[in-house]
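Each remark here refers to the structure printed beneath this line.
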Amino acid sequence: MYDVVTLGETLIRLTPPNFRLLEQTDLLTMYVAGSESNVAVGLARLGLSVCWLSRLTDNAIGHYTTSRIGGHGVDVSRVIWTTEDRVGLYFVEEGRLPRSSSVLYDRRHSAMSQMQPDDLPADLFVPGASRLLHLSGITPALGSRAAATFRHAFELAKAAGWQVSFDLNFRGKLWTEAEARACYEQYLPQSDIIITPMGDARRIFGWDGDAAAVLNKLHQRCPQAVAVLTLGADGAAACDPSGEHYHQPVFPAEQIDRIGGGDAFDAGFLYSVLRGDNTPTALRWGAAVAALKYTIPGDMPVVNHADVLRLVESGSSSATIVR
Amino acid sequence: MYDVVTLGETLIRLTPPNFRLLEQTDLLTMYVAGSESNVAVGLARLGLSVCWLSRLTDNAIGHYTTSRIGGHGVDVSRVIWTTEDRVGLYFVEEGRLPRSSSVLYDRRHSAMSQMQPDDLPADLFVPGASRLLHLSGITPALGSRAAATFRHAFELAKAAGWQVSFDLNFRGKLWTEAEARACYEQYLPQSDIIITPMGDARRIFGWDGDAAAVLNKLHQRCPQAVAVLTLGADGAAACDPSGEHYHQPVFPAEQIDRIGGGDAFDAGFLYSVLRGDNTPTALRWGAAVAALKYTIPGDMPVVNHADVLRLVESGSSSATIVR
Amino acid sequence: MYDVVTLGETLIRLTPPNFRLLEQTDLLTMYVAGSESNVAVGLARLGLSVCWLSRLTDNAIGHYTTSRIGGHGVDVSRVIWTTEDRVGLYFVEEGRLPRSSSVLYDRRHSAMSQMQPDDLPADLFVPGASRLLHLSGITPALGSRAAATFRHAFELAKAAGWQVSFDLNFRGKLWTEAEARACYEQYLPQSDIIITPMGDARRIFGWDGDAAAVLNKLHQRCPQAVAVLTLGADGAAACDPSGEHYHQPVFPAEQIDRIGGGDAFDAGFLYSVLRGDNTPTALRWGAAVAALKYTIPGDMPVVNHADVLRLVESGSSSATIVR
Amino acid sequence: MYDVVTLGETLIRLTPPNFRLLEQTDLLTMYVAGSESNVAVGLARLGLSVCWLSRLTDNAIGHYTTSRIGGHGVDVSRVIWTTEDRVGLYFVEEGRLPRSSSVLYDRRHSAMSQMQPDDLPADLFVPGASRLLHLSGITPALGSRAAATFRHAFELAKAAGWQVSFDLNFRGKLWTEAEARACYEQYLPQSDIIITPMGDARRIFGWDGDAAAVLNKLHQRCPQAVAVLTLGADGAAACDPSGEHYHQPVFPAEQIDRIGGGDAFDAGFLYSVLRGDNTPTALRWGAAVAALKYTIPGDMPVVNHADVLRLVESGSSSATIVR
Amino acid sequence: MYDVVTLGETLIRLTPPNFRLLEQTDLLTMYVAGSESNVAVGLARLGLSVCWLSRLTDNAIGHYTTSRIGGHGVDVSRVIWTTEDRVGLYFVEEGRLPRSSSVLYDRRHSAMSQMQPDDLPADLFVPGASRLLHLSGITPALGSRAAATFRHAFELAKAAGWQVSFDLNFRGKLWTEAEARACYEQYLPQSDIIITPMGDARRIFGWDGDAAAVLNKLHQRCPQAVAVLTLGADGAAACDPSGEHYHQPVFPAEQIDRIGGGDAFDAGFLYSVLRGDNTPTALRWGAAVAALKYTIPGDMPVVNHADVLRLVESGSSSATIVR
Amino acid sequence: MYDVVTLGETLIRLTPPNFRLLEQTDLLTMYVAGSESNVAVGLARLGLSVCWLSRLTDNAIGHYTTSRIGGHGVDVSRVIWTTEDRVGLYFVEEGRLPRSSSVLYDRRHSAMSQMQPDDLPADLFVPGASRLLHLSGITPALGSRAAATFRHAFELAKAAGWQVSFDLNFRGKLWTEAEARACYEQYLPQSDIIITPMGDARRIFGWDGDAAAVLNKLHQRCPQAVAVLTLGADGAAACDPSGEHYHQPVFPAEQIDRIGGGDAFDAGFLYSVLRGDNTPTALRWGAAVAALKYTIPGDMPVVNHADVLRLVESGSSSATIVR
């Protein structure tokens, strides 16, 4: 019995040390990085029982991937192994103003992009086996096979009576806005928790207005869900099925490594929801895990429950109801 | 249901890079190192289901320990966490002839040395929950509490109908030969598999003669067991309950890191025994995992089944019956 | 003939590089770190003749310790070597807001904690052999043996006509506030220079009020001494036997490594006092060495006289008399 | 006017430091590695004027590639840049006996594999623009486009009156033996210099016998060419159009990094041929560059003319005529 | 045909990692650093054809130098190699406030300081072979031989009808202000582009007043030239032959490595001038390349055209005409 | 009161890690390396009281030098500091067969080469202040000033009644054989201990014959001295004033870093002589320290007395009298 099951692609991230450019280095730091596995790691470290599903090539790079995710207590025993395809990569040159961090994807033809609905462990998707399935919009963007697998997982989870959380995670390098919108429109009405950067929501759906306006639009379209907008430096806002709006400012953070902040937010938010907190409290947990993540090298939120709790309970930055 | 449960202390190993002395370095390489957890990692990597029991201080060093062991697929969820005591350490200066590698222990007052019989998960020790319990002679040498825990685990396993394998693993820095002998004499008659370097057996029990003589003595004392002597450069020898002797030469290896070779042998030997192989085949698996380990940095046998199998099946170094 | 003799425990500090967490690293940076040896190094680098007394285990870690302290010109030839006990350690995970730096001590059972009064080199404590003995409140907190040694050193120094400086250095992980107070009350009346963070003074003695109020209380209790309060971002304040108060703001600094700032302050302050400067000048030297230390990796104030002097003489941040 | 033009794919090689396995590292060493660019670097370092042709993705990894090849003096200004495809990779776990070095290719869909005949700079392939075109059998194995480009380059070079050297470089992971044979049979009769490991020649063509027998078969098939067999620890053998056989033993070498030894041999051999040496002398240059390469980290023969010359002229290991 | 030829000395820069002091490290990071070669690298990376002239000792350090400069596409084939003299060095301890970065030169007796006029490739200095010669005031400060070579290069370039740009680059450790002034007065009237920090211009020529006043003085003295003053945090100002003044603020930048910012400015400015931009646009390119350089480790502006262009075209910090 | 005083130049050694060539690295390992300071470190680590004299530039590199030598317990307080000149360097590319290790000196114009007789601390050279002065033939080869200083030190020591040991240490890159011979002939007749590689003795003095013959010649020339020939793989031979010959084979060693082996030998030999051992025992100590040195990175013999003693007392490789 898991608290959360996630499904998604995980890449190897390669980064030159000490702000060097790739042309200036002969050394690379290697991390394991995937939106859904990042969320899984955060949830497991906070104390939940988490299973990560994916498809990986059965070689040293694939095993490196599961060792690093499994080392944080995530159950990786249901990963599908294949002798084909590859583990995707991405290169990051960490920048500082005015040189932005540069991300170079080399993720095509990955094992996960070729995962098929039949690869899903059907015996897992039964009532009571998990409380929630966490998905992101990266998976359907990986190609038709992955999209079908995404659909199948979504349907199986709903059929089993699990909740589904859906982080839209728009990736403009993987598909067009129109493709993304078509996909999102299909799954938003069935999602229990929806998380997206506000900018993406506006761009994809063509919505105007401020956070409140966008939240309202999202609420109208999916009144059943808790909808969360992440607002960058402005924190995060949410609207729950009651229609009430909440806002949580960011916790100030000195940024060591910004990548993975959104996934960290998801982990904090979902953790809090699953322990029964109300929406503003969940926003606060999300913001706290994200802030801590910014200080941690790599993509994963390698946090401790005690540190997050201390930050959540600190005086500053309380989430407030916005009427 | 596990194939193997192990119990023991695990230390942090700190080593200067590139053969430097401690006085010459400001950098240390950190490894996780424990006889029984090394065996657990080897068994898990070969495909068995393994649970490692221990007691660890609940801090970042403790979590580092479980993340590295768990990352190889060993179940670490039953580790006992305490806010007291410490995680032991040892420093290694890697040497080359004529400078021997120098090992400096700083392991006293560790959490494992204070583990008590009640800390053992009684619900685990039931018939069918595991096939084998693997123990080593380091645990009773850690102090009276650990010795009592060792005794309790041994008895629980036997009561549950599991096999018990016992690697004597004499440590002259932890107790005297007389203390060790008293302990060994108590548990050898009940052990199903006994492994020890020949030198230790001779020293502890005061036995003369060559490997065959020592094996015979061991067989007389514990006719129920498969007894294995590791012989350093001369390979390994075994005597099974039939009284038959077997010998396995070493697989030639260029030594990158010798530490952990004995544990690697145990992992290979136990794996083979548990899959139903006969004693000479098990010796061969032990020798193969040990040889591969010598080429792998750190204490753990980070091997793959395919590589071990290829070596086991290679033409050289077959185990032969010694009549 | 020394200018300063110090006595105290020194630990090995182990830190993951580049803000990594311990769970994220297989590499550790090693430093030598001890409050009194940090002060000794600072004083020696500024040009004084300094002897550091301690008790160390006679192994590679012990020798690493003296090589790093002696390399800065401190006389380590009177260290007591033992084959027992251990050199204490501490792990530091360097954090950035909102993740605070995490310090994990593993210092119990150290050789210094077992140092006994007889271990002190009696021949050293004679008139003229040194001008000043520098002690800190960490030593009596290490246990009864170390406390007795502290007492003996204090008495020997006073008997020899040396000055004694005493940095309270309260460590809540080593003893209680009540224990500390009992100790401090015993030695404060005999100390010539007293240095403490204001927060500790308030907490230990239950004093109210601002820096001036606390300084006055300290002055009343030990009118013979120069009393110094370090005030964190607010700089430092002092009251000398005349009852005059002085305040020195901090020199702005970008913090590379904050640990050891208090010891650096002590070194600067004592150096200036010993060259005959008045109290506000000594505060300024203290603040300058502390500010430079913040930019230097590790615990030691690896400063140069010329750099400190340049900062002391720079226009900003003059110490002013507060009437 | 170049001495040599080469054409081929170059990969990024990623290797854990210090014999670590990929699962044991978070650091990778990065090298630039390609058979033909390795040859180009060796030739340029020996003093020839060399142009390397390839197709690369126009990103930081592509530019890393040209910077490292161009840094050795090879002209990379004619590389074709594309915004599509990727730069291939391979991972190497360096092993020691009995753990063999493990190579994991991730090279599919590379920019070079999609290079087309029209991408070749037609203006380059004119009489006098180069003396020799060096090709390897890897290129036609990359796919139909690369094979067509290989063919076109071969024909253009012959039409321009250049010599063509052809290292068969069979790669069993890229194509079948039958495919390779069909290709080789087409180009061998037109090649001026042919180099191949003896094992490959035997496997591909089904030839029996020792080096002399295989050389004879090769000579019969391509009497116009200088045919070279590399024999591993047995050195190299050659047959020139005269039908004379020569043999060169290896220069003893302690192997730091074996990868790239064949390319280093090619560089030494071709350099010597192009300066007008006879075949046994060229074999000796090939063996010398290969031996030095074994001591150099990475795939490229980063040699100096003086060091090679010293080895070539050393007393040992002379090439001898085998009658 | 080159766009730019440069001439100057290049040093090896050695820096401890992670803000360590030299006394705290056993590791050094090595960079190639020279004002004129930095400019050459920047220009080559922006797309121009650049030749760097210098004199280097023919050893591994010399070849390291050319490999790193040539790797960025600069033509280094005309470097003069000698078996005498040495390659200069400098050590940098990177500091943070209030510890300033410390630069320790060890550059005397370098090969470049002994370069003689005859070492210049006379055949290069012909009409049409380049559009511009870039020189800096470091070269004549290196000694009488280098000064004569500087003079000869200047005269050859003018005779060939090339433009000459002259960065005064005053180095107080190499010569006196009077010596510098005598030199500058000789060459300023013949220079087409003159670049200098305002502080140096004021110090050397004894000029008073603000940037506008200094620019006017410079314009009066060399009305034929575009004169550029770099103003540190205040950006840069220029006056072209029309007498018009322009000002360009800095682009905000987080400073990873400040060294080489002036050379980066030169590269951006010259690139823009050579593509035909007007002076305010050229200032903007200079400021953009400098700002990006501050984020890049090492002395060289390892920029990409696209990144610079994006910054140049960004809304902020436009250059304005100052009337 | 010292046991030994030494005088000589010490350099910074810079080495790429992991057998890389300088052209392949951006990282250098830094060591402190000087023949006489290496001897001093070895003697101090074995327990003697040692003072090292030299002249160093007063900058961070100079202080790095004394911190590393002083850290091993050598008294560096009498080093002469100057603001002029430089600290010499040398680069080492570590090779393996057939690529020899490459040493590139950059030591000219060093502070030590400019040391003058007056720089010697005259008050030190008094009867009883030391038992022995150790010199090497490198110092007079550094130039006329250093040669005069060498002469002055030699004479002062003899006048004070100290013994003088003289390691010829011929350096062909610093002076000619004729210059060296003229120097040696002057000092050999007054030296108490003479050490030289046999090859150098034969080359410099034009002597024929084997070790015995060369030893005899040396004995005839300086019958007052203990003369030692180091013989590479053949160990070492000595002849003492009695005319007796002794031979000591090498202790087998796996070579991590060969540089400094001769200095290590000197340290072991002198240590043994100074504790009153006879010549064959001293040879054995020399061989043991040298063998251990080969396994230690860097130039210094960072040995422990216990390890050396264990090796000296081991059964193998006894020194034997050769009659």
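Chains: A, B, C, D, E and F, in written order; residue numbering restarts at 1 for each.
The rule is simple: contacts are C-beta pairs under 8 Å (C-beta built on N, C-alpha and C of every residue); 3 or more make two chains touch, one makes a residue touch a chain.
It should be emphasised that the depicted structure is a prediction, and the values quoted were computed from it without experimental measurement.
Tell me, please, which of C-E, B-D or A-B gives a repeat of the C-F interface, judged by over half of the contact pairs matching in residue number.
Comparing each option in C-E, B-D or A-B with C-F, the repeat is A-B.
Give a one-word verdict, same or different, on whether chain C and chain E use largely identical residue numbers at their interface, taking over half shared as same.
Answer different: the two copies use largely distinct residue numbers here.
Of the chain pairs A-C and B-C, which one is connected by the greater count of C-beta contacts?
B-C
Measuring between Cα centroids, which chain is at the maximum distance from chain F?
A
Between chain D and chain E, what's the gap in Å when you average each chain's C-alpha atoms?
Once rounded, the distance between the two centres reads 41 Å.
State, to the nearest whole Å, the distance from the C-alpha centre of chain A to the C-alpha centre of chain D.
45
Can you give the whole-Å distance between the Cα centres of chain A and chain F?
Computed value for the inter-centroid distance: 63 Å.
Scan chain D for residues touching two or more other chains and write them down.
As it turns out, chain D has residues touching two or more other chains at 18, 21, 23-26, 67, 71-72.
Taking the touch rule as given, give the residues of chain C at its contact with chain A in the complex, in rising order.
18-21, 23-24, 95-99
Note which residues of chain B are touching chain D in the complex, please.
17-18, 71-72, 251-254, 256, 291-292, 295-298, 302, 307, 311, 314
Residues of chain D touching chain E in their complex?
67-68, 70-73, 77
What does chain F use to touch chain E in their complex?
So the residues of chain F touching chain E come out as 14, 21-23, 25-31, 59-61, 63-64, 67, 86-87, 89, 91, 93, 102, 104, 106, 108-109.
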